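There are two complexes below, and they share chain A, which is joined by chain B in the first and by chain C in the second.
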Partner chain A sequence: MRNAALSLAQTPPLSVPLLFFLSAPLFAVACGLILLWTGADAFSSRWHPSLLAATHFLTLGYLAMIMIGALQQLTPILMGVQISHPVIFSRIIFILLSTGTLALTSGWLWPFTGVFTLAGSLLAVAIIGFILVLLLTLRRARPGHASVYSARIALFAFSVTTLLGVYLVLGYSWSSLLKLPVLTNIHMTWGLLGWVSLLIMGIAYQVIPMFQITPEYPSYIKRHLTLFMLFVLSGWTLTYIFFHEKEWLVNLMATILAIGLLIFLLTTLQLLSKRRRHVPDITLNFWRLSMGCLLFSIMVWVLSLNLTYKPLNLLPGILMITGFAMSAVTGMLYKIIPFLIWLHWMNYNPGEGKKKARVPNIKKIIPEQHGHNHFRLHSLMLLLFCLAAFWPDYFLRPAALSLIISSLFLWKNIYHALQLYRKGISSDPL
Partner chain B sequence: MGITDHMTDDHKHCDKLFLDTENAVSAGDWETARNAGENFFQSIENHFAMEEQILFPEFEQSQGSEMGPTQVMRYEHEQIRGLLAALRQALEAEDRDEFLGEAETLMIFMQQHNAKEEMILYPMADQVFSDSAQVLAKMQSLIENE
Partner chain C sequence: MAQVILLDATEMEPPEPLVRTLEIIETLEQGDYLRFRNTHEPHLLYDNLHKRHFSYLCCNDSDIFYDVFIWRENDALAYSTIQQLVENKSNSLTLLHSSLDDPDS
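Up next, the complex of A and B:
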């Protein structure tokens, strides 16, 4: 308890989260470059090496990168506990995660199977190491807090995703390992419906009522929905492995998972409609877009159960990753980054006898218009990727190009904010 | 009702007054905004007074130290006061963009400050005070006497 209290004062240096936030858009650019280079062929099959590399640039390089950066920052602010030695710890995790992601994707792009062993080892150490340290740190947080609880469950799902992923990549290097396409599907489902969805749910419970001034999520959702999802996900996995031939049973479990997500997204949209703030808010736009994509993804998935039409198989995944997850995470960046820069600027002490210039408000650190312009580019990118699922020959390259432009625009917004801060604290005040 | 519940409700009350002010500015209704703003500034000062004059000293006494969480909370109160002064200035100057920018900053800063109090400090206070109802009564009478 004493530890939790004392850490009220602690917030890691700005460089800890910003290193992750500034690198993530560059990995998204890499994803766009691969798709631009490969063209329509990348969407010819789920197993196309370019598509696998592109997907992992987004899931590991963008989503995991930002989530890991943000968790190191959010735990002291929202949960009152801080990881010890934050700077050195974050640098090690960053190096392992980024080199691991590059090794993994280069394994698919250049047929050089030895690199998969390296990729698997780097990513396993980075992600499992991060999760263990974070879980140990969270033990010091006050119990019973809905976000801590959901974060733990999401981190467990992230571990399952990672371990399965590592096993699968080792299979590329050592052919003696059992190759099971079933495992790939389980890896993907735990990643998207476990880790990504549950972490976004846990964060939403905390930040939506807090920053959008909406009513709280009903307590049955806050307390039980994440755990319920974990149980059903485990049930689905067992059914999928042992009763694979009973398709109706596997689909039934998947439908229950979809209903869980539906409850979350409909509640979120309803809460957002009861928002009592009337000023426009860029994060609100991203949340609505994210929930809309999740809804669309579930609808397409239901259709794909009843129809055999190839685009319907790719579309739910595209909508989940670039629509639901990327939008929610990017929207959060527009709340976190200006605030962190403002906070560090406020707390900056120019030294004895020196007068500090006035710190600009949050809307001057990243101008609203820049956020709105990025939102438009991001929405255009989503639309083009959805069209690319149906007509890859016409739309995949434009979609890839729009991802590159949109990500560079985000990078520029973050970088400018950081430059403003650096200039502000280094200029000699009179 | 313990300290946690009471003070959390008071945060919600301040949030509501903040929203009234911000929504009025957003709609360009400066008359309403100035009145709502006065209510908001007063409520927040009352809230700070209850904490700085009663709750924090009692808490520090029970811990035998002025260091620790209350020190951080006092520091953040000063930062909030700085933002309130900027809001007041923008209200007087009827500068919409300036007001909304400072308001967004205050909003995020105040919410993370409240979260720390509601999730860490108040529950600790409820736990360490032998009679938290009495501390609560002292805080309320302070406001009524003002």
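Up next, the complex of A and C:
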């Protein structure tokens, strides 16, 4: 079919996901700049304002930004349903999410408590609004779809994370709100083990067999693991609130959660070792790194239960956010972006008498070498952040610098792919 | 003689299954059909089949594979062959949906 036009009636315009994908690395750059500016002090306490701002630049500005952009594009392709009025909807969500993230982080950096009310409101409308619209859209998907099921569970966890986060944020502005320190840990745990982990699991069930040509995940994992994790997470939360003094019980629930993640990561690594195509693949490298970091994170967390050594408190969070989540999400971008650009390029109709350039091989849209170079920078960044947990004086600023460079490199790779498409279709931009 | 073409896309990386399917269907003649097999449902394919005047029928095979049968619109011979195959209880096919359910097609 070479250059024959494809019909993409069910998919949103390319500008919808790309706005989110091109903005996300810039938020990661902002995270690097804050850490570079603050230096080792940022790691002196997990409550340090700069660390809170940097973490939320990554979780909201990078991870949520990419996941929200990708979900708008993946639901039509993987689940056969599309959000209505995708362009206007995505623009509204993007503006609310970006300004909400900027307001939240500026509240920590330039202590001005009023801005937290604004941040909480913007983020609540953006995230809860997105979740509600997506859940309504998923109702139209055919029943029995494993990814739809997992996505619903992850979206529920995302809404719990958001509501807790908004309550905590409003606490900065409204002194009358009851301050419950346990809520911060619950917010963090639902964010990392609920929303981020469950969404990555649900998407992995589809994209790993599809793009890595591996056997399917066992059906008992696809059907039950995410729900099991949600139940245990809820159990852990109740135990943490009502039996806080019974440390062994809280740790037991957390250990069951860790076992759930272990089952997922070991199954994923086993499937990846059974790939039917043995060609180098950058996304494969990111997936392996992501699973390795998840394993390492669990091991460090187990160690931290028995040892009182400050770096062991920070390290699991670093490994979960920059290692497990950022690596998996970034790796997926290297599959999603070339695929979308290829699809829209094929679909582009230049009109009567006009020509479009020949659609390139999908592997040439982001040259493999560029992806490999980014992977090296990303791995170096990760190593430096791990070292910074132990020796922040020596390694935090280099780690921040490497995050900036690595994120700019990713931005450049996405932008070049977009430029290639723009040149290919020669006239109209998006 | 009507021809059955099998396309096993279970070991193909996107977008190869879509490209190959759209290439193959152009070669289908009266009574011919394509049986496309994959581990996930090819949602992007359906609208492209409709625009190119092809009908389809999507089945689940043993809860693992999705088999999509594709034939030229108004080709009654191909459709009746596919119908017999799907209704045959010895095949583990479960009909999920078809372009014939869609009033626009």
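A few points about this structure:
As a working rule, the second predicted complex is superposed on the first by the 415 of 430 C-alpha atoms of A that agree within 3 Å, B and C clash if a C-alpha of one lies under 4 Å from a C-alpha of the other, contacts with A are read in each partner's own complex, and residues count from 1 in each chain.
Here is the rule we go by: contacts are C-beta pairs under 8 Å (C-beta built on N, C-alpha and C of every residue); 3 or more make two chains touch, one makes a residue touch a chain.
Owing to the predicted nature of the structure, the values given are computational and were not obtained by experimental measurement.
Once the two complexes are overlaid on the shared chain, A:E247 sits clear of chain B and of chain C alike. Applying the stated contact rule after C-alpha superposition, one finds that A:K364 touches chain B and leaves chain C untouched. Applying the stated contact rule after C-alpha superposition, one finds that A:M210 touches each of chain B and chain C. In the superposed model, A:D393 lies in contact with neither chain B nor chain C. By the touch criterion stated above, A:H278 is placed in contact with chain B alone, chain C being left untouched. Once chain A of one complex is fitted onto chain A of the other, the partner contacts of A:G80 extend to both chain B and chain C.
Once the two complexes are overlaid on the shared chain, A:S219 sits against chain C while remaining clear of chain B. Taken together, the two structures place residues 1, 4, 6, 8-9, 77-80, 142, 206, 210-211, 213, 276-277, 339, 342-343, 362 of chain A in contact with chain B in one case and with chain C in the other. Listed in rising order, the residues of chain A touching chain B in the complex are 1, 4-6, 8-9, 77-80, 142, 145, 206, 210-211, 213, 276-279, 335, 339, 342-343, 346, 361-364. By the touch criterion given at the top, residues 11-15, 18-19, 22-23, 26, 39-41, 43-44, 47-48, 50-51, 63-64, 96-97 of chain C touch chain A in their complex.
Listed in rising order, the residues of chain B touching chain A in the complex are 15-16, 19, 22-23, 26-27, 68-69, 71-73, 79, 86, 97-98, 100-105, 107-109, 111-112, 115-116, 119-121, 123-124. Put simply, chain A touches chain C in their complex at residues 1, 4, 6-11, 76-80, 142, 206, 209-211, 213, 216, 219, 276-277, 339, 342-343, 362.
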